[in-house]
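The two complexes that follow have chain A in common; it is paired with chain B in the first and with chain C in the second.
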Partner chain A sequence: MAGSFPWLTLLTFSPIIGLIVLLFLPGTNRRALRWTAIVTTLVPLALSLWLFAVHDASDPDAFREKADWITIALNHEAVNIESSAYVFQYHLAIDGLSLPLVVLASLVAVMAALASVHIKKRWKAFYVWFLLLETGMLGVFLARDLILFFLFFELTLIALFFLIGIWGSLNREKAANTFLIYNGLGSALMLIAFVLLIATAGASLNATQQGGDLVYTGDYATIRSNLTAENSLTNLPGHYENPFALSDGMRWAIFILLLAAFGIKLPMLPFHTWMLRVHAEAPPSVVMIHSGVLLKMGGYGLIRFGVGLFPGLAEEAAFVLALLGAAGVLYGAALAFVQTEFRLVLAYSSVSHMGIVLLGIASLNEIGLQGAVYQLVSHGLISALLFLIVGSLHERTGTTELDELGGLARPMPFMSGMLLAAGVASLGLPGLSGFVGEFLSFLGLFETMKWVTAIAAIGVILAAVYILRSVLKITFGPQQERYAALKDARLIEAVPMIALMAFIVLLGIYPSVLTDAMQGSFDDIIAQLNARMGG
Partner chain B sequence: MLMTATQALTGPDVAYLVPEILLVGAAIVLTVLDLLLPNTVRRGWISWLTLASLAGAAAAVIGQFAMFNPFDGDAEVVSLLSDSYRIDGFALVMKLVILTASMLILLMGIRTIERDDAIPDKGETFTMMLPAVTGALVLCSTADLITMFVGLELLGISTYVMIGFRKKSSLASEAAFKYIVIGAVSSAIILFGMSYLYGVTGSTNLGWIAWALEQAAADYQALVYVALFFIVAGFAVKIAAVPFHAWAPDVYQGAATPVTAFLAVVSKAAAFIALVRVIFNTAVIQTPFILGPGVSPVGEDVLLALKVLAAAAMIVGTTAALRQKNVKRLLALSGVANAGYLLVPLAIGIGSTSTNNLGDFAFYLVAYLFMTIGAFAVMAVVGRAAGHDELKGYAGLYYRAPWTAAGMVVLLVSLAGLPVTGGFFGKLFILLSAVQMKDYWLAAIMVVTSVISYYFYFSIIRQMFMRTAETEAKLSVPAPTGIVAWICVVATLALGFLPNAFMDMFEQAVTLSRDIWIAVPK
Partner chain C sequence: METVLSQYAWLVPVFPLAAFLILLAFGRGMKRTGPVIATLGSLASLVLSALVLIEQLGGADEYNNGFDWIQIGGYTLTVGFDVTNLTALMMVVVSLVAFLVNVYSIGYMKDDERISVFFAYVALFTCSMLGLVIADNLLMLYIFWELVGLCSFLLIGFWYYKPEAKAAAKKAFIVTRVGDVGFLIALLLLFWYMPDHDLSFAAIANVFGQTGLITEGITTLIAILIFLGAVGKSGQFPLHVWLPDAMEGPTPISALIHAATMVAAGVFLVARTFPIFEASPAALDTVAWVGAFTAIFAASIAIAQDDIKRILAYSTVSQLGYMMMALGLGSVTAAMFHLFTHAFFKALLFLGAGSVIHAVHTQNIHEMGGLGKTMKTTAWTFAVGALALAGIPPLSGFWSKDAILAEALHDHPALFAIGIAAALLTALYMSRLFFLVFAGKPRKGASGHESPAVMTVPLVVLALLAVVAGFVEMPFEGTGWFGEWLTGHAAAHEGTALVMLVSTAVGLLGIYLGWLIYVKGAIPRDAVTKRMPWLTRLLERKYYIDEIYHAVFVVSLRAIGRAFDAFDRHVVGGAVRLAGGAAVWTGRAATRMQNGQLQSYGLYAVIGLVILAAAIAGRRFW
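Showing the complex of A and B:
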């Protein structure tokens, strides 16, 4: 039914089309610029929802788009082979792991585009970078070639640097720099891991009469099968020195590199400092995307590349992962409790919630992995909503310091209600999406590591404390005179709030929308783990 | 002692020297014209004639592709005067690279030099480029130590003069003086090493040297070490690799921007090309059954020295650039770091499945050429408008010249090694080869220094986009300079989106066994 039409390419690059239209609009026509951007972001949303509806896990190739992008014949004088080449593919595909995140990304992008009414200057450039960022993040979730993945990943890095550095608040340049260097380091570790993989597991030899064609590829599926298959070049037994062999030490090195690279993005506990600054400085609509989608690339990468390529090593490291996750949950919760700035409360709350993702991953069973992805999507929606509200509040009150806020429920009943609802969703109230993600993750981990689960679960209680402390402080309490005349949300602000809340409720009361789509996505990983245990 | 068979230059052979002869002839004619014409005649046309003669040389090189078709695997390399001069695939491709760079630099310099009040004799600055380029072409084509030295000196002395032409600037005089002294010392070091190499092998021909070196290394190991290490050290000065780089920031800062670009690209590239010939005939040689680089242990140690040089250049170049507020000095240090990246393919040697060193080298060289010349072109415009080359001159460039600022972003992103640009794929290919040769530490240093370099490349971007300018006046970009900048931007992006176009051409045109390893009649 998909035919040969490149739907995924259209999905990924439709923001670029909008971007080109934007370039021809006059920079002063704020309204036209804004609506062009909003309409542009609707295209990927519509496409991704349609894909979500028609995606059939039993037919993974229905929407696969694959073409050799760069084929480079190499010098092969020293080898007894006919040819040697690098093949980097343009390869997009969807599966149960990436599809929910694609929907999340395109949804949050629409909401963030709507929320960008707060942007006060240089609208044209803002939307240009914004749309580039959207293409980057959609591409990250769809790419199935290591180099292509890396390209999209770096695109988000460059775009976000500009978005933070130009439109952020007071310390924006410093925040942009911290972000660039910290994430650049993460990408660097990832690049080393990828290059190691391409040079070893990426190699395959197609026999010909003159000795064979040696091909190095960045194709995810090839690398994955070469890492496990017994007769691949990488695993070839032999007494001579095999240039493609990966020793156990090298496998661990690559795994740890990937762990650190995506751990920085997630962020995993010791690597979280950079994201605090981004949360505090970036403009609200950019934080929506950052917290809502970009952090999720870390979790996605951990599952896709860390666990997906090295399930055996992930199993051996599971306990450490779980401890890191639990530490993140507790540390984030504890620090969120003492923050006096609402954005930082939310930032630490993100650290805490991403710890739960790590717990789900560490369980390495179907329930836990589903929980991890569920938590990614759910936290994406909730934090996007929270930062949307924060942006609107900040525009009106000029501050996000908890001490200076209070009693906003009276002048702004709608927004305060939304804030409260988003808050309870974040602390994991049953019936809202946050609960399902946390519950599945904990349930999965409980099967393997009961004590860690028990300790980490304390964080959930703490979440209730810090969320309610800050949300109630803002909405109730003595009303301050200067806030009495503030207006409630405008329509353009209310619409994304309602839409995000609707999705949060939907996922909360009807989890199978998402779990059904993920069904079977982790079969490969689980099967490999079972095979290890059996063997 | 070996005797090199002498070979005289015949009439038809001269046809292979057309590009060089053309440039030398043009240099003489234009210099004499410049001398004889009265001062009242404007000198603008000399620059265009210089450009035309460079274009003519490029056309002649392209013509040589037809005479010696490097894409034909069975084509015989043309060897003149016992390999003093070779027309092979590597030489032809590299000559095109050198000539392209020279033409771009000249085009960018036309307006810049005309408007530079510190240069009284505009015409000479252009004509002086011709002998310099001739020297660079000689370095592309030679496989003989003596001819190589002549090429180096021709290039070196012409560039000393080019820097010094900025007579009314004390910084330029200082730069010229420093460059003369450093250049002369490095030439002396190279010559000293060459003399030892001749002493132990009995030949100045690289083919014979490669053949005789194994025995020589067994007999006079210490002398072979001295010979090769001195040559490497001398070249390290020319390419500005650490710890022989200290001259670069001062010299780059003093010279007129187009001349700086010439030093950063053409001089550096030419020295690298000669170094490739030397390294791939001494440290890495063709052995009957190739299992690894030859001439152990001397060759191994030379490669190790190159690796250390590369690592030091990458680390020192990037860390020193962090605190740099002058963009010209910053690009000088960036050039040091890039010399480190370019050294990696030379240093890692060849392995049983990895022999792509020259492709990696050439690709990154071409990417470096475009991104660096483009950056210098933008710098010439901005520096001229601001009256200085400090970082703050870029403040608010986005408001004053949005398209130039956007182009500069592409060039800087490429310099930082981020996708989708030539700089990214250049580094990626080098990285892949380094990993295939299991030089993990070198690969790690490459990647980490690239990340550190984000800081200073993006500091220029920060100025352009996030600061406000002192003046809101639109920046006027002279047409030739603007054209050069945009050629470079487009080429940088093209190398990023279609890296295979250049790489495939190069891999078909150049092979180690035909072009680099010189067959000697045994």
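Showing the complex of A and C:
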């Protein structure tokens, strides 16, 4: 079915093709630039939907693409070692964990490209960075080599830096700098953790007649099996003679580094403040991607690298993770309640909702982990929709300060209705996607930590409080004179709103679409945890 | 007997859903046809559910069908529907009231420019409420439970430009959500404690029917948490505060959602999960006392209110308290019977009130008067509803209230006393309301006119139902078939003659008092106010519950939020600035190191070497 055609490479780099086309277009032809970008983003969407449809969990190698990419020979003088080298691979693959997020990323990218109609200047450069960003985030979810993952991860960072810094609002440069420094810090921690992993668990000996070939690799599967297999070098007692061994202390160090690196991205309390500025300053279509997809890389990383590589440590840290999650849920909600700027309400609401992801992860059972991924996807769709609306609102009213808005339901019934629908999706109304993610996360965690779940569930009330407060402030109330003449959504704005809402409803009514795709993705983790408990 | 139509019971909520979708897609251009489509949707539901009920009355077997909704690992969450006697009855009640309210609204809302939006919301509500009724498991019931809450919110806030409507809608959603979290946690508990993680009502009845499968402590906890959800939805103390405010919505909505159907969902929920409550005496006691307290508490507030709809709203809260009390006394029959009759006479009263408001454009009963002459149909149908509510024989409310009071007398004399006292207050506030609105002379020049037939016909239909609905269960030999049909065993009727006598006497006394005060003037109206001004104020201000909640919850949440905000800005944000500052500082320091002096380069090299050596030496301790 897949043959040998590199579908995943095409998926990842198709935005680059569009980018090249863009380079040949005149920078003043706004329409051509915009439509080229929009059409370009449709390619990965079509490909990812197709992959989603044909993906078969029992055949994980169907779309695997693997090639040696960088080989650095080492001059190793040790006994019995023929040759040694660092080998980094170009390695893309899909599984039940990454596929939903790939679909999310490509979907949100299309919607954000449509929403970029509000961008006012330097369109060509904007779409170039935009498409680079898309390649970066698709690559993050597909890469199965640590170094490749890191490169894609950094690509998103750089692209977003320019998108904020050039096209943001008043304090854009400051916001871009804060973003870069803080995320750069996170990347540094990630890199340290990755290097430590490659240098120990990444090592594999290929026995030959004379002795063996020593290869250090960033391959996820190799590292994972070395970390988990009982008699791998990594797990043999650590002495001078065995430089590949990882002591408990080192494992914890790596685990905590990963936790911090991806915790910053998620964001996990107390690493969240950097993203407030991004929410408030970046252009709304960029925030759609930022809040809709980029934050999800944090959750993805936590599951893939944190829990996936160190299930045992994750289990020991589960209580702390759950507490951090619950704290995030409540803290974010309380803060969202007192904000006067709508974008900050949404930013803190993201903190609160990503707390739920953490709760799902901390459950370390299949329901909770699926709940966490479900919540990632659902929040991605909902926050993309919310910022899509914010962008259109801001375009018309010139402000997103709650005190200056009100009564918009009369001049703009469609958009106000959409805002209300997105709002109730965000507060977890059943029938819409937010509920399923929330419910599964709570359900999973409840098995192991009843009290933490019960306390975090108070966040469900608080979500209603802050969402309704701000959404009703904008749409309800007496009509204001200055907004009387505003026009409702245009077609190009309405289409992405309806599309996103349709996905939110679909996932709310028929969750099996997503849960069936994730079926079995966490079997390895669960099996390992069970083995630990048994042994 | 074979089940034929019951297999298609899932279609009952689908008709209004289809109407909703049509209105959602094309509503803007359908000011005239939109209402008709929604009404036809509810009519289709009514016809089918009536056929299903007839089939069930004929002794058909219960029917259940469903499919897997989410499957994760070895766990499955299902959706499905259940046709039992209880659900068949509820479906008819809901679709009947919904249909009548739809017809009525065609007249009542005719001049509103957003009429198709209104009917779309009503259709969505009807669909969700019917879904709630036929759900065969607790999770699905919860899903529809939240959806009816959303519709209630949307319809309370239908006139979104009114600040009061906005506040009331918000309050309704949030206050009921407090209860819903209890319900949610109960769901989580049940999922993990039930064998096979089965949340269906059949399994619940099976498991909790046997002793010892689930410990009593957990049983009580689950029951109380479910009840918390019911308290929120059914406006029981202390979560009753949203229901009177909900009267900001259009009056047909008050009749449909906030009197007949949604607010009764709490009672239905407890009845549906009754095996859990039966397994826990402590939970039953809680339900009984909360219900009884709410009954008298809300009735006392109703006496001092001036807004016609608010009086009826407090009356609803009070009557729901009666139903909860019946459940707490262990009688699903009495509770469901009262729910059944109450749905008709309270919907009737609200629609009658709507007819009055439509005519005089005020809701203050002191500004009305003498409307009995100009609005004959409204007046006599309203009188039927009021008498039924006051419990005067042989109207429906008399039989159902007596069934509850008889249970109370049998089990719990103290609750009986409270019930009788609340009945007296009920009769008093209803006679006050009726006489001030329909008797005497017109005040403030509002003379009123009768409403069009599209509004009065539903009134007449409901009035007929309010008269006859009680005859399905009478406390005489061989007449109690409702209870037997619903629960499988006939209700006990001991000492009912006494109950009938006392409650009738109390009802008549209340009406007589009202007549003396508001018609005859034999007792001055301000007699109580003069002697005990504090009491009047306490009742008028509704025991200051709203003020207390505002001070305790709203103010403190805001304070916490502000404190967190300051913390976030200065402490957490400070750390970020520090990190940023550190990067800049490091950069500057490193720049200074590039000073061109060979000695300092040498020094850095040595320092670096030492660090490297230390690191390598430290490797052994890893």
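FYI, the second predicted complex is superposed on the first by the 527 of 535 C-alpha atoms of A that agree within 3 Å, B and C clash if a C-alpha of one lies under 4 Å from a C-alpha of the other, contacts with A are read in each partner's own complex, and residues count from 1 in each chain.
We take it that a contact is a pair of C-beta atoms (placed from the backbone, for glycine too) under 8 Å apart; a residue touches a chain by one contact, two chains touch by 3 or more.
Here the structure is a predicted model, which is why all the values come from computation and not from measurement.
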item: Which of chain B and chain C A:172 touches, first, second, both or neither; value: first
item: Partner chain in contact with A:13 - chain B first, chain C second, else both or neither; value: neither
item: Partner chain(s) touched by A:181 [first = chain B, second = chain C, both, neither]; value: both
item: Contacts of A:436 with chain B and chain C, given as first, second, both or neither; value: second
item: Which superposed partner A:270 touches (first chain B, second chain C, both, neither); value: second
item: Touching partner for A:409 - first (chain B), second (chain C), both, neither; value: second
item: Which of chain B and chain C A:469 touches, first, second, both or neither; value: second
item: Partner chain in contact with A:366 - chain B first, chain C second, else both or neither; value: second
item: On chain A, the residue positions that both chain B and chain C contact, one per complex; value: 177, 181, 184-185
item: Complex contact set, residues of chain C against chain A; value: 68-73, 75, 142-144, 146-147, 150, 157, 160-161, 163, 165-166, 169-170, 173-174, 177-178, 180-181, 184-185, 188-189, 191-192, 557-558, 560-562, 564-565, 568, 572-573, 575-576, 579-580, 583, 620, 622
item: Complex contacts: residues of chain A adjacent to chain C; value: 177-178, 181-182, 184-185, 238, 240, 247, 249-250, 270, 272-274, 331, 334-335, 337-339, 366-367, 370, 407, 409-410, 424, 429-431, 435-436, 439-440, 442-443, 446-447, 453-454, 457-458, 460-462, 464-465, 468-469, 472, 475-479, 511-512, 515-516, 519, 526
item: Sites on chain A touched by chain B in the complex; value: 70-79, 84, 86, 125, 147, 150-151, 154-155, 157-158, 161-162, 165-166, 172-173, 176-177, 180-181, 184-185, 187-189, 191-192, 195-196, 198-199, 214, 216, 243-244
item: Interfacial residue positions of chain B with respect to chain A in the complex; value: 290, 350-359, 398, 413, 418-420, 428-429, 431-432, 435-436, 443-444, 447-448, 450-452, 454-455, 458, 461-462, 465-466, 498-500, 503-504, 507-508, 510-513
